[in-house]
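Below you'll find the structures, each written out as C-alpha cells.
You will see subunit A twice below: alongside subunit B first, and alongside subunit C after that.
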Partner chain A sequence: MAVATGNSFASRFGVHIAVLIFVAIWTIPTLGILVSSLRDKDQIIASGWWNSFSSSTQTEAGRLPAASMQVEKDGKFVLQGNIFGNSPVRNISAFGVKSAAPTQYPAGTSADLGDGVTLQLNADGSFIMQSPKAFEGDRGQRVYYASSAPPKFTTDNYKTVLFSEGIGRSFMNSLTVTIPATVIPILIAAFAAYALAWMRFPGRALLIAVIIGLLVVPLQMSLIPLLKLYNGVGAFFGMPSKTYLGIWLAHTGFGLPFAIYLLRSYIAGLPREIMESARIDGASDFEIFVKIVLPLSFPVLASFAIFQFLWVWNDLLVAMVFLGTEADQIVLTAKLNALLGSRGGDWEILTTSAFVTIIVPLIVFFSLQRYFVRGLLAGSVKGG
Partner chain B sequence: MAAQIFSAIFVIIVGVGGCVAYFWGANKLVDLIFPSRGVAGAAAIDNLRRQGLVRPWLFVGPAMIILTIYLIYPVVETLRLSFLDRGGINFVGLANYEWAFGDREFRNSILNNIVWLAVVPAACTFLGLIIAVLTDKIWWGTVAKSLIFLPLAISFVGASVIWKFIYEYRGEGQTQIGLLNAIIQHFGGQPQVWISLPFWNNFFLMVILIWIQTGFAMVILSSALRGIPEETLEAAVIDGANPFQIFWKIMVPQIWGTIAVVWTTITILVLKVFDIVLTMTNGQWNSQVLANLMFDWMFRGGGDFGRGATIAIIIMIAVIPIMVWNIRQANKETGGH
Partner chain C sequence: MADVTLRQVKKSYGNLNILHGIDLDIKSGEFIVFVGPSGCGKSTLLRSIAGLEEITSGELKIAGEVVNDVPPSKRGIAMVFQSYALYPHMTVYDNMAFSMKIGKENKAEIDRRVKQAAEILQLTKYLDRLPKAMSGGQRQRVAIGRAIVRNPKVFLFDEPLSNLDAALRVATRIEIAKLKESMPNTTMIYVTHDQVEAMTLADRIVVLKEGHIEQVGTPMDLYKKPGNLFVAQFIGSPAMNILPATIDKTGNPTVVSHVGGRKASVPIATPASAKGAAVSFGVRPEDLIIASGTDYLFEGTVDYVEQLGEVQLVYVDIGRADLPLVTKLPGNVEVKRGATLRLSADANDLHIFDADGHSFSLRQPEVKAA
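Then we have the complex of A and B:
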C-alpha cells in the first residue's frame, strides 16, 4: 500500500480529516459515559456532558421566608436573607417570580412586583424584598433563579454503584463465572485440536466438518433443551438448577467449537519436520503434544483465552438463562440490564455502572490487542 | 462471597487438574495395556498399531462428550420440541409453526430481522473497508484503527447504555443531555424520542451493532488489503487509473473472498442479536427480533418451550446455508493438501 493514490495536498488533508471524523464518531460515545460517570449527579441532568468543563447553568426554584420573618423599617416592611440558606452559595445570573419567565430580571437589579412591592436578588443569593404594606400568609414568595455552578467532578458515583447498588458484588460474580469458563476449555480443546491435526483415525474428516458446522449453530438452539436438562438434573439431585458449575460447563461447551477450530488450524500449520524428528526419537503422541506442541502454541492459546474471556464477560444471554437474579449470582451484564429497568433515568448510576462493566474488557483488550487481532485473523480468514 | 471465590479457585484447580489427570492417566493406561517397549518386535508393532487406534479417541473424547451434550443433543431436541406443546409433552404437529406465521409479533420480528440483515453486514463491511483503506495512508493509522476497534471489546449491554445516553430525550425547550437531541436542537430541529419512533427506531438500534462490528470488519479487511501485490497497484497507477478506479477495480476484486467472510460472520451475529434489543426496547414499538422473541417465549407465562423452540429453529434455518458453505470451503482447503 506504499503506492500513494492521489498525492495532492488537498487529498492527503482530506484523508486525515475523514479518519479524524471516523475516530471521533467511534470514541465520543464511550467518552460520554466516562465523563458523565465522574460528574456530580445534579450536573449530569443540568447540562450535557460535553459542557462539563464549563460552569453548568440550571434554573431552580426557591421560596422566600414567610411573612412572620418581616421587619418594619422606615415605614416599609422588609424581608431579608439569603436564598441559599445554609447550602453552598452558587452564582445567580438572573431571577424571576413567574415560572413562565424564570429569568426575567438580571441578578442585582430591583424587580417591581406591582403594588409598590420590590424584590432584589443578588448574585450571591442575598435578597431584599420591600413592601409598603405588611406581608401576609405563612408561605413566602416563590422565586425562580438561574444559577451556575462551577464544574464539579467526583468519584462518589463509583462509591455508590460499587457498594450500595450491588455492582461491586456483581463484579465478583462476573469474575467467578469468567475465569474458570476461560481456563477449562483450553486443555480440552488443545488435545482435541492436536488429534484432529496430526493423528490419523477414521472419522477425522467428519469430526472436523461437524465442528465447523457447530461454529455457526445459534446459541438459541441449545437454550431450551439445556434448561430442561438442568432442571431435571437439579430436581434429581435435589439441588438448585442455577449454579456456577452449570454456567461454567455451558460456556465451556459453547466455546469449544471455536477453540478447537482455532487451535487446530494453528497446530496443523506447525512444521512437520519437528513432529517427525521427535517421533523418530521415540516420542509418543502424548509426549510430542506436551513437550513440543503446547509450548509452540502459546500465541494461539493466548488468542483463544482472550476471546473466551471477552465473550464470557460480555455475555448476557447465557447468564440470564443459567444463573439466578439474586445478588449472589447476578453478573455485571445482567445487573446493568436490571438497572436500566429500575434506575432508568438515573444517569449517574447507569453511566458509572456501564463503565465498571466495560473497564475490564478494555484493559484486557488494550494490553493484549496483538494476540486478539491474531486470533481474529486466524479464526475468520481461514474460516472462509 | 468468600465461599464463592474459594469455589471458583477450587474449580479452576479441579478442572485443570482433572483434565491433566485424565489425559496423563488415560495415556499411561494405554501404554500399560498395549506396551510397545520391552516386548518382542512383532508384538511391539502390533501394540503400537493398537495404541494408534485408541489414542486419538482419548484425545478427542472429552471434547466430543461436551459438544454432544451442549450442542449436538440440543439441536436435535429443539427440533423435536418444536413439534410439541408448551410443556414439551404432547405432539402438536405443525401447530407451533402455524401459530408463528399467524402471529403479528413474529411476523414483525421476521421483517425486522430482514432489515437488520440487509443493513448491518453491508454497513459494517463498507465502513470497515473505507476506514481500512484510509488509515493505511496516514502515519497515525494504527492509533486510529485501535480506537475504532475498541468497541469490539464492549458488551452489547454496555454499548446499549452508551447509546441510550446518546439518544436520551428531554422535552422540547429543556436542556438536552443526549448528544443526538442536543445537536438536533442546536440546529433548530425538533428533539425526538428516537427509540420509539416507529420503524426508524430499528435503525437506531442497528447503529449500535454497526458501531461495535465495524472494527472487526476493518481489521480483517485491512490485513487482506496488505496482501494485495504491490505490482497490481503500481501498474494501475502507471496506466493512469484514478483512486476510485484503483479502489473498485483493482483492490476490491482481489479481496472478494475476505469480504464474503466478513459479511457472513456479521450476518450470523445479526441473526443472534438479542442483548441490544432486550436492553434498548425489549421489542416494544415494533422493534422485536427473533432472538429476543425466542428468549421472551422461553419464560413468558411460565415458559412455552414449543413456541420458543420453533423460533430457534427458524433462526437455525437462516444459518444453514452459511453453515453448508463454510463446511464446503473448509473441505476444499483440507482436500488441497
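Then we have the complex of A and C:
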C-alpha cells in the first residue's frame, strides 16, 4: 500500500514537474518579449531583459573639448568640464582612452597618459585634464567610459510601432482577415456537420469520405490554382485580384474539411434520444439544429474557433498570395516579416511588434480555454 | 379515445428481419406492456409506433387513422426514454414547454399546462433548475412531465425505470401506475425487460421473442396459463420447472409419467392422438409444497438452499443432475442439505406442453373442433 502511494506520488510529482517545465519553456520567452518591448532601446542593446530590473552598465565613447577651450593655470594647461554636457548625468564606474581598454582606470583616479599628461574622470562625469604643454588640434581627446543607468521602462516603443511603423494598421488588417475567416467556416461547418451526422440522405457516407479525404490535400498545392480560379471568377464580376473577400473564401475553404470533421464527430456523439425527443416534440431539423444542437455544441464550436482563429492569425502564406503588401492590406505576419528586413537591428521595434502580434492569440486562448475542458452535456443522460 | 392497431407490421434492416408481422389490437385507455429478452424487438416495435422507425410493411393505425407515413409529432403520441433525453441546456420549465413553444401555443396556455403537469409530478419548486442539478428520479419525472404537457392520445415508455436504482424504481413505478389511474382515457404502451414492472403495471402483457408475439394476455393469464414454454419460463421468478414426460393416458384428466416413471394426473384435456407423445411437464417453484402423505409428485435430496429470509429457494436433486428441481418454500421451514424431500402440488397448477412447446390447455378449442 505504502509502495503504491509512493509510486503514485512519484508519478504525480513527475507529471507536475513536466508540466512546470513546459509552462516555463512556453512562458519565459513570451515574458522576455514583453519585458524587452517595454525597455528603452539603448538598454536593450546593453543588457539582456533578465537584467532589466537592475541598473544596466554600458560602455560609451565621448570626446573632450578641443584645445581651444584650455586654460593655463599654475604653469599647466588645463581642460575642465563635464563629459555629459547637457545630457542627463549617469554614474561612471571606469574610463580609459584606448578602445582596446575602455575601462582601464576606475572613476575618480588620475590616469597618466604619458608626457606628463594626466586625466581624471569622476563618477559624475566631471573631468580634469592637465598637461605641462599646451594642447593642440581641433579634435579633443577620445575618452571611453563605462556608465550605469537606472532601469528605464517606457511605452514609447508601442507608440512608435503602432502609429509610425504601421503595425497598428496591420493589426486592423489582420483582424479584418481573421474574424470573418473564423466565423464563416463555423457557420457553414455547423450546418454541414448536423446534416452529415443526423440527417439521412443518399450519398451521405460518400460525402463524409470525400470531406475526410480533403483533410490531407496540401495547401501549397492548391494555392495557385485557387488564386487563378478566384481571379477568373472575380474578373467576371469586375472584382480586383487581391481582396479581403478572396482571403476569407480561401481560409474558409482550407478550414472547412477540418471544421466539418471535428464538428461532425462531436455532434454525432450527442445522445440520439435528445434528437428523437425533439422530433416527437414537433421540432423540424432546422429547429433541432438551432435550439438543441447548436447550444450543446458550444464547446466544440469554441475549440474550433480557437484553432481557426490562431491558424488564420498566424498565417503568412495564404495572406501573401491572396492579399497585397500595401499598407491597407498587409497583415501582421507579413508586416513583421517586412520589419525583420528593414529594421532587423532594432530590437525594440521587433519585440514590440512581436508582442502586439501575440497579444490577440493570448486573449483568445485565455478567454475561451474553459470550453476545452467543460462539457455542457452533464445532466442530460444518466450519470451526467 | 385512441386505439392502436397493428396489422402484419414488419421491420427489417436490409436482410435482417427484426419484426416478423406483428398483429396487435390495443384498446383505448389500456396499459400495455411489451416484455421480452434483449433483442426481441420490443423497443423497435415501440419506436415504430412512435414513428422513429419506419415500418417496412404492414399497417399501423392510431385512433383509426393509418399513420405509417405520419411524422412522430403528428401521431398524437409522447415518449419517455430510458435515458430521460432531457434538453440539458434548458430549465425544467423550458424542457416541458419545448413542444408547445415549437407548436407556437400562446404563452398563457403554455404556462398553465406546464404548471399543471409540474403540480401532478411535484416538480413545481424545481421548474427553474437545469437537469444536471436534479437526481435521476427527478429527471425521469421531468421527462414524464414533458410527455404529459403534450396531452397525448398515446403514451410511450421505453424502459423508463432501467436507469434508476432499486428503491427509486419501486417509487417511480407506483407513480406511473397512479398517473395511469388519473388519465383513464390515455393509452399507454410500456417497454421493459423487467417482468415485475410488466406484472404490476400492465392491463395486458405482450410477450415478444425474436420479433414474434409469443402471447398476449392479462398478467394473471400469462402466469396461470402460459401459452407456451417460452412464456412459462419467462414469466415468474425463479422460472418454471420443466421436465420431460410422456403421455400415458389422454383425455381429461391427462396422465403423464415424468422423471423416474412417476405419474401425475393433470386436469387438462389432450387429444387421443397425443398418446405416448413426448411432452414437457411444468410446475412453478412457488406451487410446490412439502407433501404430507404418500401422495407426492417428486422425491429427491436437497442439493442446495438459498435462504432469502421470507422464502427459501431449495434445489432438489430428483435423479437428473442437469435438471435440478427448484422449489420456493417458506423461510421458516427447516430444510437441511442432503435431506430427502417429498413435494406435491395442486393438480390445477400443473402444466403440459407439446413437443413444439405449446400449452395443451390453450389448444382445447382446437381439440373440440377436431
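A few comments on the model shown:
Simple rule for what comes next: the second predicted complex is superposed on the first by the 338 of 384 C-alpha atoms of A that agree within 3 Å, B and C clash if a C-alpha of one lies under 4 Å from a C-alpha of the other, contacts with A are read in each partner's own complex, and residues count from 1 in each chain.
The rule we apply is simple: a residue touches a chain if its C-beta (ideal position, glycine included) is under 8 Å from a C-beta of that chain, and two chains touch if they have at least 3 such contacts.
Fair warning: this is a prediction, and the values are worked out from it, not measured in the lab.
Partner contacting the larger number of subunit A residues, of subunit B and subunit C: B.
Using the contact criterion defined above for the overlaid structures, shared-chain residue A:Tyr194 touches subunit B, although it does not reach subunit C. In the superposition on chain A, A:Leu227 contacts subunit B only, with no contact to subunit C.
By the touch criterion stated above, A:Ile33 is placed in contact with subunit B alone, subunit C being left untouched. In the superposed pair of complexes, A:Pro295 makes contact with subunit C only, with no contact to subunit B. In the superposition on chain A, A:Val321 makes contact with subunit B only, while subunit C stays out of contact range. In the superposition on chain A, A:Ile45 contacts subunit B only, with no contact to subunit C.
In the superposed model, A:Ile179 makes contact with subunit B only, not with subunit C. Comparing which residues of subunit A touch subunit B with which touch subunit C, the overlap comprises 376-377, 380-382, 384.
Subunit B contributes residues 1, 4-5, 7-8, 11-12, 15-16, 19-20, 23-24, 27, 31, 51-53, 55-57, 59-60, 62-64, 66-67, 69-75, 77-78, 81, 88, 127, 131, 134-138, 140-141, 144, 146-158, 160-166, 168, 175-179, 182, 211, 214-216, 219-220, 223-226, 228, 230, 233-234, 237, 242-243, 246-247, 257-258, 260-262, 265, 268, 271-272, 274-275, 278-279, 291, 294-295, 298, 305, 308-309, 311-313, 315-316, 319, 322-323, 326-327, 329-331, 333-334 to its touches with subunit A in the complex.
Against subunit B, the residues of subunit A that register as touching in their complex are 1-6, 11-12, 15-16, 18-19, 22-23, 25-30, 32-33, 36, 44-50, 58, 169, 172-173, 175-176, 179-180, 183-184, 187-189, 191-192, 194-196, 199-201, 204-205, 207-229, 244-245, 248-250, 252-254, 256-257, 260, 284-286, 289, 310, 313-317, 320-321, 328, 333, 336-337, 340, 347, 350-351, 353-354, 357-358, 361-362, 364-366, 369, 373, 376-377, 380-384.
Taken together, the subunit A residues at the contact with subunit C in this complex read 271, 273-274, 276-283, 287, 291-292, 295-296, 376-382, 384. The touching residues of subunit C, when paired with subunit A in their complex, are 50-52, 71-73, 77-79, 81-89, 98-99, 102-103, 130-134, 136, 139, 146, 150, 163.
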